[in-house]
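Labels run A, B, C, D, E and F following the written order; every chain starts at residue 1.
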């Protein structure tokens, strides 16, 4: 475990209001006391930030996934960056394990925004110097920044857990064409077979299930649908399809648990065996009560990366050594 | 009234979700049909924007005060600007009659942000080319932009209405030191006397009322407290103080009605005669039921300014001619 | 067909040395005479550019795919942009139907560049104002630019041709996970079934062919492998695999024919029926002699888009109307 | 007193020609030898700068208030910054205790510049990394910079001296509406009463004195008019008005003594008891001969701030501890 | 002569205080009425600018050589640009026929500024969109700008006059190595021989005259020393040397008459026959009294260029046609 | 010799493919092991770079002259900078002893690029922080950068060698007007006489040799033609002219040996005694076989400068002390 002799050796950790639990875990991992921040909403809904302790010359890490409510989280992050910059921080690193608006990474039709790029520009103009994130929706988002990004993946953490399921005949399922590459990351580690689902196309072949098609063999198998985000829970539809296609049981292995709206109800009602996620995004206790969610902690990974970034140590080599997690 | 021969002559009006009523009024004033926008929230709270019609080569005006909920309104505005820019608009003008975060215009203590400047930078990086706003909290916010700002004032509109009150012995009251300059704008037009309230200082002189002091004569007079914004309604405290100081009746004349929290209840409970505001920020019907609020429309002023900006006509000269409103 | 009354009405077309044939076709489509450019190499290998006619106030379109030799093509493009900017062009649009370095769109391991973003930054700093490109390797490259990009696709052109093949039982094949989305574009138009190939994974399932796997049904069918680029011709390996997997005949449908090295020899030697490409990248006559290549012209598409961009007409609506090509 | 072991430990002090006396005092306070600069005017009036010693990797502080002749001082400052940047200084901090053009902080009518913002942009583009200034005309000028500003105030220094005047019945007077907030800073520290003068308005109330009005009680009292700058000495008119309004004696307490034109003659002729200023701007000996000016040194404040900035120590905490001066 | 139908057709001419006579001549040439500007100095030496008429959408040309006093002229120019930009000018072109600080175009020793580049950056950040200048000290200054520069030369105008001198045996003399290229421009037009002076080198050869050397033949000839600027008049020393070297008579042909200090006295005292200059920089009447100065007007050249820039006409072709002046 | 205790103390040396020999020499001088880079060309001609070891927090020096093939060398340099920046290097210094495109430093006619400036902008946007170069074609190229440039000269190295020639009657010859200043650098050190060649002018005087003219005395002397670059070898024409003008023998002393095309054949065929160059650009062994080329190493100079830059030591003082090489 990395040792930091004093909580004051040039590093400062700021935990935003998006995921205080994760912040505490990371701080504890790093044996650091986070810098306190007075953060709140004025009656007129404006966000107010004031940092309690001097940041002059510090290497500041702000832990703030931009999860729901995304506009509130993002604006708080931008305002905190501005405060750090004006308070003479030496360097400001955004630790946003979940990168909100990541799915709006290109125009899919005319007159749309590319909000994932806009967010990158907002972070840059506010004064961020680098960013750490996990399982971006599209890898090319790295290129939206002109400063360094450490793009991590939670797939090894999730894959390690999947190995403990004990099933013998498992297939990794990409729920749509866009996730095929992520599915390959799983199959690279686990050496399990893969299947791909496609929707809304007629006559595409494979197993035909209404408007869905499954390319690859799932019959009688334990299927693990993988994805980067679960938001409204509409993936429960895919669980049902896989069962119809003959899958024995279905797991979900998803990095970011943005569980909004009726998602918990849908999970409960569905035949899904278990939803395995990380804590990049906080899952409140009442949601955990549904009994179907397993949360794996990303905090040790982020803690190690923050430690290495601050001490100018390689991140690639660290992870290769531990055979655990690969930067992407 | 300015005439625009066709709704399609190179100008495009986009009405954001912050103040659709104002947008409609302006569109009607300009005899223009606003460009439709599909604007909404995804289940995961991310804002989605798509513009219905081509904006190629258009002079686009986006009407969106950044009032409460300010972070939602601001992000929607930024995303809309991004969509317009990528859709090849010739020029994007932000019409934000209320400039949210305007009160965070400087650091009043260490390690604070200057959010009013951050907002200016966000608008610039998103792709805005110019901005039109009304009664900024601090005039120097104009300098936060490197592109042109048309900074308008609603004081002549409000002052014109105050003249109709029929009272003979009226005093304009600045509720604190920061508003003295705005009070002078009223007295310049109305040629009425002025008083200033100060708080939280001991032994400051003038009429002593607990922790408040009134410099200038209010006894037996009709007092009009002026301000740029009313948010939580805490100004009702000042109304009470003025009554204690002998004021006969008290009006509020305030540009931006950001009426949040208990503000309506406080207004009802207070001795205030009437709150006079403009519609830079929408006042929902249920709030108007309290019977104490008079809303004056800023739409004709904004309509004229948009017209002149689009047609490269002077704004200064227009207003001097009409002896009505002065740009600031 | 769009009519331009005079070759001199504010538009200027510059044809770089990368694809003069395409430039001529576009100019002829637009009934425009390209602006002559003295372009050459000094003895010390430095590129020299001088433009023959005044560009003051012109809307300049530079046609230059950044195909092999990519560094020469790109530097010539950058230098031409610089010359146009300093010659007071009103607007400089890069027409790069093939976007070189597009495959280096993210870091796939530590200490790599993101050259696709670097290229975007180089074009921006040189003075480009907008870009038109076709079938980018990753759609998110659109977001690498802060100015408008018109991202077109040749898939409808290629798909239209595929329909004429006359085969009845055709399957569209994505040669790897990254091309699944492009395969869906074909199946959306053609309503044919889809298959996906994966390589280098053990035990992935589907049809096992050495280190390759095919998800989906190809047996006895006509297979069309789709891709964005063919460079060294290594895709002939996939052709062979499909035949082993039972495909009756195999076509290649690929937008950009960057046919380098032994690619023509590999094509000749392989069992591929036909390689269908567009002329975003020039295919020299001696390569065409192999008899297996069908080149479809992208010039009318680019001509219409240039026309509409110059005249501020919608690109989306144009293509929807013609049911032919969709911008992406 | 802060100790710096060697004059060479990474800090470099450059004293411009605007206020060499202040530079020497600060250097002596910091026990540092300033870096010599060959600064002069060529016969054609161009400013020439050459720095004598290497600045590679140094933390450079340039002491140069931009007082009269402001354009000469500002250009010398900009050129010095350029020389430092090109000489590989690690960081360049502008120490401009007086910020020239600060009063042009917004457009007060059409077609004016915002020169205070222009100056901020000039300093930024020249290569400055941070700025230290004292009693800005408008606090929002902080937001004109995208790098950190340490905005200090001399009010505590001036207030401390005012306490020694021995008068019992003193009133702080804001000479116009714009200075009300500065007057509150004095009353916050001194707990004395406040009055406000307004001019050029008819019938404004309070004590009527020609075109002036005084809100608040000054009769029989010692009045201290406060301000940020004294330039041409027109404030002597206000001194006269206060005497007419019954003030027993009148002091002036003003941070920046930009004493130009007839100011000294006006001071001599007026009934002002004493003008108390700091040395942010140099007061030449012949001006001091008038016997009415008390100069307090700002050098220890600036010296401490430079020390803390260089050593990454908090500035807020320092001043809170000493109960002396507050950053703003 | 170009005709402009109305003074109001989208162009606006602003004449700064540096060379009002030149401004008037250009305005008269263009049949335009300049836009009035209230320009002055506040008592504290700050420059104040206000523009009288609306500039919205105008193509603004600001005529202001940055001659002595250079810092005053430059700051006035920057502030005027800022005012134009904030007043919504469509485009701002700086017409600085003399580019002050042009001789500080590179570091000639360590820790010097490159002020000519700094000036370019200041103009850019203030908001200039293009620049027109005459006979820059170094041609590479063009590259200091990222926007278009029209770099003109007065050599054809001066050369045309030299032809009228009637002498038969004339030699063009470069006063130092740096001016050899400018001397070649003269000899290209006039087809006269050339000589070069070098100083401060021992044993360099040629005619040895104390610390000076003349390469080339001047004996018994009429010598014309050419240069870009005459400032303090130290070139009179070279006149003397040429006489010692046997020259029959000596003329000076110099673009920019920045005649400062004792220059007029030196001219009077020297054996120079005539100093031929242009009016890029104003020569006051009392200086002309010395009888040795011939001023040629650059106004028609600048007028034509402004006309062509505004109307998007070629500048190169114009001058080629008239066989008079070449852009460089 | 500077000592670096460990190859790993915060500095990283990257040797590009342009001049590996020079890189090795510098590394050996600095007792450093260069960081390995996987650099290559993909089959489609795209350059690929991957850096072997972590650069986090390192002070990186990339040795890459941008000599022929210049576009390949420059793109490799830009891509390497991008990789370093994204790999979190603390600072990236470009060591380009030969600055390609340096001769395109201004527009010499209309509608040309200023490619030397474009290159500076490309390096800046890619992420370079400083640059070291030798004998730029125009000194003003320093100003094309907004970050520090250490501009070195090889003249003292070449001059020192010239002294060893043993000739008694030597003249330094500038081959054209543009090199006069460089010739003065030689004569400043060597105190030898100077001559200047001009071409393509009729009747310019001096010794007339067809279209060439020689100002200054070369008869019976050893002539040394100096220049910054030798590319195609056209300078052999000037050698011939000097011989016709009576020179006894002719040497060439040229910093950058970009020996392309027929240059070696021309050298062999000409009467030139010896070509003295440095190794800023590599001279392959087969070219050296011609026996007329003497290569002097620039590696110790570059090594010392890199050492001093990394250790924040003065470069000016170092060279003054050694009486050997002066930065310019």
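Please note the rule applied: a residue touches a chain if its C-beta (ideal position, glycine included) is under 8 Å from a C-beta of that chain, and two chains touch if they have at least 3 such contacts.
Computed from a predicted structure; not experimentally measured.
Using the average of C-alpha coordinates as each chain's centre, D ends up farthest from chain C. Summarising the inter-chain layout, the chain whose CA centre lies farthest from the centre of chain F is B. Look at the contact of chain B with chain C and you find different residues on each copy: under half of the numbers used there are shared. We define each chain's centre as the mean of its Cα atoms; on that basis chain D and chain F are separated by 50 Å.
Chain E and chain F have centres, each the mean of its CA atoms, that are 33 Å apart. In chain B, the positions touching at least two other chains are 53-54, 86-87, 107, 109-111, 114, 117, 121, 146, 314, 316.
Taken as a graph of touching chains, this assembly has some other topology, since it is neither a line, a ring, a star nor fully connected.
In this structure, the chains touch in the following pairs: A-B, A-C, A-D, A-F, B-C, B-D, B-E, C-E, C-F, D-E, D-F, E-F. Within the complex, the chain B residues that touch chain A are 42-55, 67-72, 74-75, 78-80, 82-83, 86-87, 100-101, 103-104, 107, 109-115, 117-118, 121-122, 124-126, 229, 231-232, 258, 260-261. Residues of chain F touching chain D in their complex: 130, 146-149, 308-309, 312-317. Across the complex, chain B is touched by residues 105-111, 114, 116-117, 121, 138-144, 146, 151, 171, 177-178, 180-181, 183-184, 187-188, 191-196, 198, 201-206, 215-217, 314-316, 327-328 of chain D.
The touching residues of chain C, counted against chain E in their complex, run 53-54, 56-58, 85-88, 127.
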